[in-house]
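So, here's a batch of structures to check.
Okay, so subunit A shows up in both of these, paired with subunit B first and subunit C after.
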Partner chain A sequence: MVGLPGQGMHVRLDALSLLFLCILGPQVLASAVAGMRGSVTFWVFVLGMVLALAAGDAFTLIFGFELMSAASWLLVLQGDQKPAAFYITIAVFSAVCLIPAVFLPAGSVAFVLIVLGTGAKAGLAPLHSWLPKAHPAPPAGVSAVMSGGMVKVALYVLIRYAFMVLAPAAQPWWGVVLIVAGIASVVIGALRAMLEVEMKTMLACSTVEHVGLIAVGLGIALRAKAMGDPALAALGLQAALLCAVAHALFKPLLFLGAGEVKHAVGTTSLNWLGGLMRGQPRLGGLMLLGAAGMAALPLGPGFAPEFLLLHAVIGAAATGGILARIGFTAALAALGLGAALALGAAVRLIGIGFLGRPRSLHAAAAEDGRRGPLIGMALLAGLMLPVALLPSLVLAALVPVVRLLAPQAQLQALAYAPLPLVLLAFIIAAAAGFVLQRWGVRGTREVAAWNGGFGRAPAWLPFGDPATQPSATGFAEPVARAIARGVLGRDATDPAELYLMDPLRLLHLRGVRVAERIRRATIRERLAFVFAALVLFLLALGLAEGG
Partner chain B sequence: MLNFPLVFVLRLVATLLHAALVFAVAPLLLGVVTKCRAWALGRRGPPFLQPYHHLYKCLRKSALVPETATELFAVWPVAVFLATGVAVLLVPGFCTGLLTAPLSDFITLIGLFAIARAAAMLGGLETGFGFGGAAAGREALFSVFAEAALLVVLLGFVLLAHSATVDGISVAFATGHIGISVSLGFALAALLAVALTETGRIPTDNPAGHLELAMVHEAMMLEYSGRFLLLLDYAAMLRLLLWMDLTGTIFLPFGMARADDILSWPGGLLLWVVKLGAMAAVLALFEVSTAKMRVFRVPEFLGAAMLLGILAGVFLFVAARIGS
Partner chain C sequence: MTLTFSLAHLMGGILLLCGFLLLSQRRLAAMITLYQVQAFTLAAAAFWQGYAQSEVNLYLTGLITLALKAVLLPLGLREIVRRFNLTRAVETAMPMALSMLLGVGLIGIAVLVVLPTTMNAVSLTREDLAIALSVVLLGLLVMTSRRSALAQIIGFLSTENGLVLAAIGMPGMPFVAEFSVAMLVLLAFLVVGVFLLRIREHFDTLDVTGIEDIERRGR
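So, the complex of A and B:
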């Protein structure tokens, strides 16, 4: 029997584990269909995640979690060596925090360690800077499950401990920690998603943003629960869980699509793509659906969680002390900023990558995606439909989980109803279509683009001059100039890199130098050191005796 | 007390009347603004009905599709039009209590604006030429601050009205004893700044401009013609009406009719027309008295709006603190 002596390993399923297993299922299936089914490491990775989710005791949880970390490290290593070292460092840090935390008695120390351990694994600011490097490295199927699944497993551990295991010792400031980290993740993630040129890196940055959104929801719920506000706790939990469900559908879809772009064009750099919708209509259509989810547009899967979250923040700002209320007002502004930036990033993904003119011959010659990945993506897109159009049903399915996490929670009906909006849009479309059909001139004529009166491109440039088309960098330039250089610093470096990782690296370098210096000491230096130590010791002894 | 079916029928009729009115009046409103603007500048200006002629002209022209556009070229104008059309149905015009009232949550409205904006930006990127792409990038920048400002302004409304739907806010402001407060002044200024940006008016964008380099909203639809241009231009007119309705229904809710009280409708309709006319005149006067600002001044303008919105919230918190 494996496990702690005399205890063994236990598997126990409750509503929370089931929910996260349901979140994990579709994306694993989609990745397997998309071509990962032959990889043993991938299945070990999945096994680790399932074990962590279904664990009935702390040892099993840690065992599954670390199995997941180790397997995903191997997968990252297969893709790219460079981020793998950084990745394993963070994974070890996460383990160092988590392993003592799960065996500590319930209290603030355990909570802080849990947040550090799971936050490092989920990509919560300021421990997120590895994520945009490591997630894009492995093949698309693995990136998809890492971004959509592994992050959720870390959040699952956070939820389980913050809301259930450590619940007796819960303090309101625990929630504040999560909210602050979440807001920082939202702003940094969304801003970097707007600026990154590599499609997969951009998607990984967007994952940081969504983890931030989930953390804000959880933080509000945790704080409200500790302060005895059951309605707000329910709202925050609903927002966080629904966001986790929606993100687990559209982000793997986008990652799988990015993999197909890589396969067809040979690069995922937006600056070399363009016009892919022509050669890859099916892939482009699916990516458009995913991007609508990422941008949290109404009638997409991402809007209902955003809606709930904004209402939760407004609700939190409506009560409590004045400092907290001002803080929540600022958080609301930051969330608005993040939402608009996420929209810009999604528009940039579709508009630069799939619309417009090709920026390279490879992009012009791209063929539609292969069957496996397209089926996987279609599966996820099909599952997005109920989340997008019937969010109330999904929320009803989440009720047992919310009740489990906050037994006193008061649930309210969702005030956002997509179907009536669809009905209104349909009526308007029917009326407009009638007018256009009855009185309008039908048919279209294909002509050279007007382009403000500029002349046609010469014949040897069939797609026009590529340099006259805005690039991904150019599209993001206004945002970079007005916001990013203020928030992120020059060259749009991540603040976590600048203020946390770089000093740590410097410290590490100095430590290594000192160690190296000691290792290289000559025999005379070593003898002198021993002699000096002896003299000092005797001196101290003598002084102590004399005194 | 009226019985339920009658109330429902009245609300249905009011909703249909509202829909018919907004779609019919939107071009005229633009005509009034343009005319007032011309008058203020000492010119005669185009006739009031000019926007209708323009729309009819677009209807009767065949649509040109650039050869570098993809199959989705026709999708974006439809998306812009539908999102704006649905949004304009949600915002109360001459009366409150429409059938669409429960849907009119402010955040849903912000989401519908986001759909329209995303579709317009994608339309700008569609053909892959410089002007559309540059304008889309600028629009992305403007939207960042506009959305944040709108959300903090909404917070102030929710605190005062205890409702997040536009309809509920309007009813609360019309009937409750809100009074005139500093917070509402700040919120009004912030909302107007966002409204000017969203509708593409001076000082953030010039609807009458002819220089593609300086355009934002117009440059994104540069390649559209015929019925596609019709949809985009009509959506722009609807958006102007929508923002005037929104401003009017929140800040000038006096005299608004109730959907289930048919006797109040004529007064509500009359006041609605008067309010729209007054707002059009104010907009025209404001436009002739200010200059368009540089693109990179706009984030400062909207950032100030956002700060005003936050200040409105803070003042409300302080007031609640003192009051309790």
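So, the complex of A and C:
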């Protein structure tokens, strides 16, 4: 039997594990269809995630988690070396925090270690700066599952421990920690998503934002549960879990699409794209759906969780002391800022990348995506429809999970029904069309032709030059001037990178050097090492027996 | 009974003293001599224990020790020393005073471990065990503190002497174990002998530091 001596490894499924396995399933299927099915490492990676989700004991959980880390590191390494170095640093840090934490007794120390370990793996601020580097590095199918699945596994571990294993020792400030980290992730993630020029990096930054949204929901639920407010706890959990479900659908879709853009154009830099909707209509349509989800537009899959989350924050603002009230109001403003920036990022992705005129010959000559990735994306898009239009149904399916995590939860019906809204909009549009048809102006009129939103070509370029269109950098410039330099510093580098990531990397490097020194030890040094260990054990034995 | 104890303890003490002196010797020839003395004492101790416990097996052990370790092995070692012209060559990796201090500490640890853990055993065995463990630890210290391959071998052999001392002190220890231990030493000696010859062929020295250097550069 594998596992700890005398204990073995156990697999147990409850509602929470099943939910996250269901979250994992479609994107793994889509990536496999999109071309990852031949890679053994990819399947080991998936196996690690499944093992971590289905684990029945701490050892199996850690085993699966680390298997996932190691396999994903290999996959990142296949893409590029430098991000892999970042990634292994953070993976080791996460392991160093998690492994002691799962064996500690329930308490605040264990909780802080769990948050550090899983937060580092999920890209929760301030440990997020590796994610926009590492997630875009491997092939698109792997990026998709890393962004959509791996961060969910880390969040699953967080939920499992914060709400179930450590529940007896829960305190309100645990939730506050998650809320603060989540708000920071939302603002920084959305801001960087708005600023990044590379499409995959931009998507990874958006992942940071969504992890932040989920963390805020979880934090509100954790705080409310510890303070004995079951209705609010249920609301926060619903928001977080629904956000996880929605994100696991649209983010892999977008990553697969970005991979197809790379395949067709040779670059994913938005500054060299443009006009892809013409050459890749099917890919463009699917990307538009994904971007609508990412922007949390109404009638899209991302709206219902954001709606619930804002409700939860407003509800939380009515609890606690004056500081909590002010803090939650500020959090509301920060979430609004994040939502606006996410919308801007999505508009930029579609507007610069897929509309307008091609900025390079490669973009002009792009052909529609290959069959496998398109099928995978269509699968995810098809699954997005029920989440987008019937969120009440998905929430009903989440009820057992919420009950498991917060036993006294009082669930309320969702006050948002997109399907009737869609019908209403359709009826209004049909009526308007009918009115125009029936009573509209007859006859012809001469007006200037609408040229798709382009300005007039400058006088020295009578035929227009695609490069004179606003670029992605230019589109983001107002935001960069207005907000980014205040939040991120003058040259828009992440402060977390400078003050947290670099010292961590140095520490990791030093550890590696020590390990390497031990590996290169001479025969005599090894003998001396073993000998010293023997003497130490003897000494301990003697002192213990003598005492 | 008292004579049995005192003689056994005396021989154990001589063994320990030899092991301790091994630490302090800088010259290979002197180390071999010390090892020989140690092996002779071990053989005598085995005969004495055989007489005291009236065990034929222990006489056999004593004979093997006498023939192999006290006569044959030192002869071979001296042959190596002469062939490679090592009569004068000895250096330590550690200052001698420090290694002596460490040796004293190791003996202290051995006593500290054995005496309390074996509180219920017969008193003869307890002290013998403490001495045997000290000899083993001192041999290991010689192995780690010397650079020369030959000195390391002598340390290894001294360690093995300590093991045999522990084995003969135990009433009812089967003979097979000792035989296998003796064979093991012989095999190790042969292997290391071949190893030494190869070192000589390639690097013209018995100093291991050269190998370490090459190993380091190679990686």
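Going forward, the second predicted complex is superposed on the first by the 473 of 547 C-alpha atoms of A that agree within 3 Å, B and C clash if a C-alpha of one lies under 4 Å from a C-alpha of the other, contacts with A are read in each partner's own complex, and residues count from 1 in each chain.
Definition applied: contacts are C-beta pairs under 8 Å (C-beta built on N, C-alpha and C of every residue); 3 or more make two chains touch, one makes a residue touch a chain.
Computed from a predicted structure; not experimentally measured.
Q: Tell me the contact category for A:I375 with respect to subunit B and subunit C: first, second, both or neither.
A: neither
Q: Classify the contacts of A:L504 with the two partner chains as first (subunit B alone), second (subunit C alone), both, or neither.
A: A:L504 sits against neither subunit B nor subunit C.
Q: One more residue to check, A:L541. First (subunit B), second (subunit C), both or neither?
A: Second partner only, subunit C.
Q: Where does A:A533 make contact in the superposed view: on subunit B (first), on subunit C (second), on both, or on neither?
A: neither
Q: Scan A:T522 for contacts with subunit B and subunit C and give back first, second, both or neither.
A: The answer is second: A:T522 touches subunit C but not subunit B.
Q: Check the contacts made with subunit A and report whether subunit B or subunit C touches more of its residues.
A: B
Q: Is A:A432 touching the first partner subunit B, the second partner subunit C, both, or neither of them?
A: In the superposition, A:A432 contacts subunit B only.
Q: Report for A:L361: first if it touches subunit B alone, second if subunit C alone, otherwise both or neither.
A: In the superposition, A:L361 contacts neither subunit B nor subunit C.
Q: Residue overlap on subunit A between the subunit B contact set and the subunit C contact set?
A: Common interface on subunit A, subunit B vs subunit C: nothing in common.
Q: In the complex formed with subunit C, which residues of subunit A make contact?
A: Listed in rising order, the residues are 520, 522-524, 527-528, 531, 534-535, 538-539, 541-543, 545-546.
Q: Going by the contact rule at the top, pick out the subunit A residues touching subunit B in the complex.
A: Interface residues on subunit A, with respect to subunit B: 194, 274-275, 277-278, 281, 284, 288, 295-299, 303, 306-307, 310-311, 314, 317-318, 322, 325-326, 329-330, 332-337, 339-341, 343-344, 346-348, 350-352, 354-357, 415-417, 420-421, 424-425, 428-429, 432, 435-436, 439-441, 443-452, 454, 463-464, 468-470, 474-479, 481-483.
Q: Which subunit B residues qualify as touching subunit A in the complex?
A: Checking each residue of subunit B against subunit A gives 59-72, 74, 78, 81-83, 85-86, 89, 100, 102-103, 105, 107-108, 111-112, 114-115, 117-118, 121-122, 124-131, 133-134, 136-138, 140-141, 143-152, 154-155, 158-159, 164-165, 212, 222-223, 226-227, 230-231, 295-296, 299, 306, 309-310, 313-314, 317-318, 321.
Q: How about subunit C: which of its residues touch subunit A in the complex?
A: So the residues of subunit C in touch with subunit A come to 93, 106, 109-110, 112-113, 116-117, 137, 140-141, 143-144, 147, 208, 211-212, 215-216, 219.
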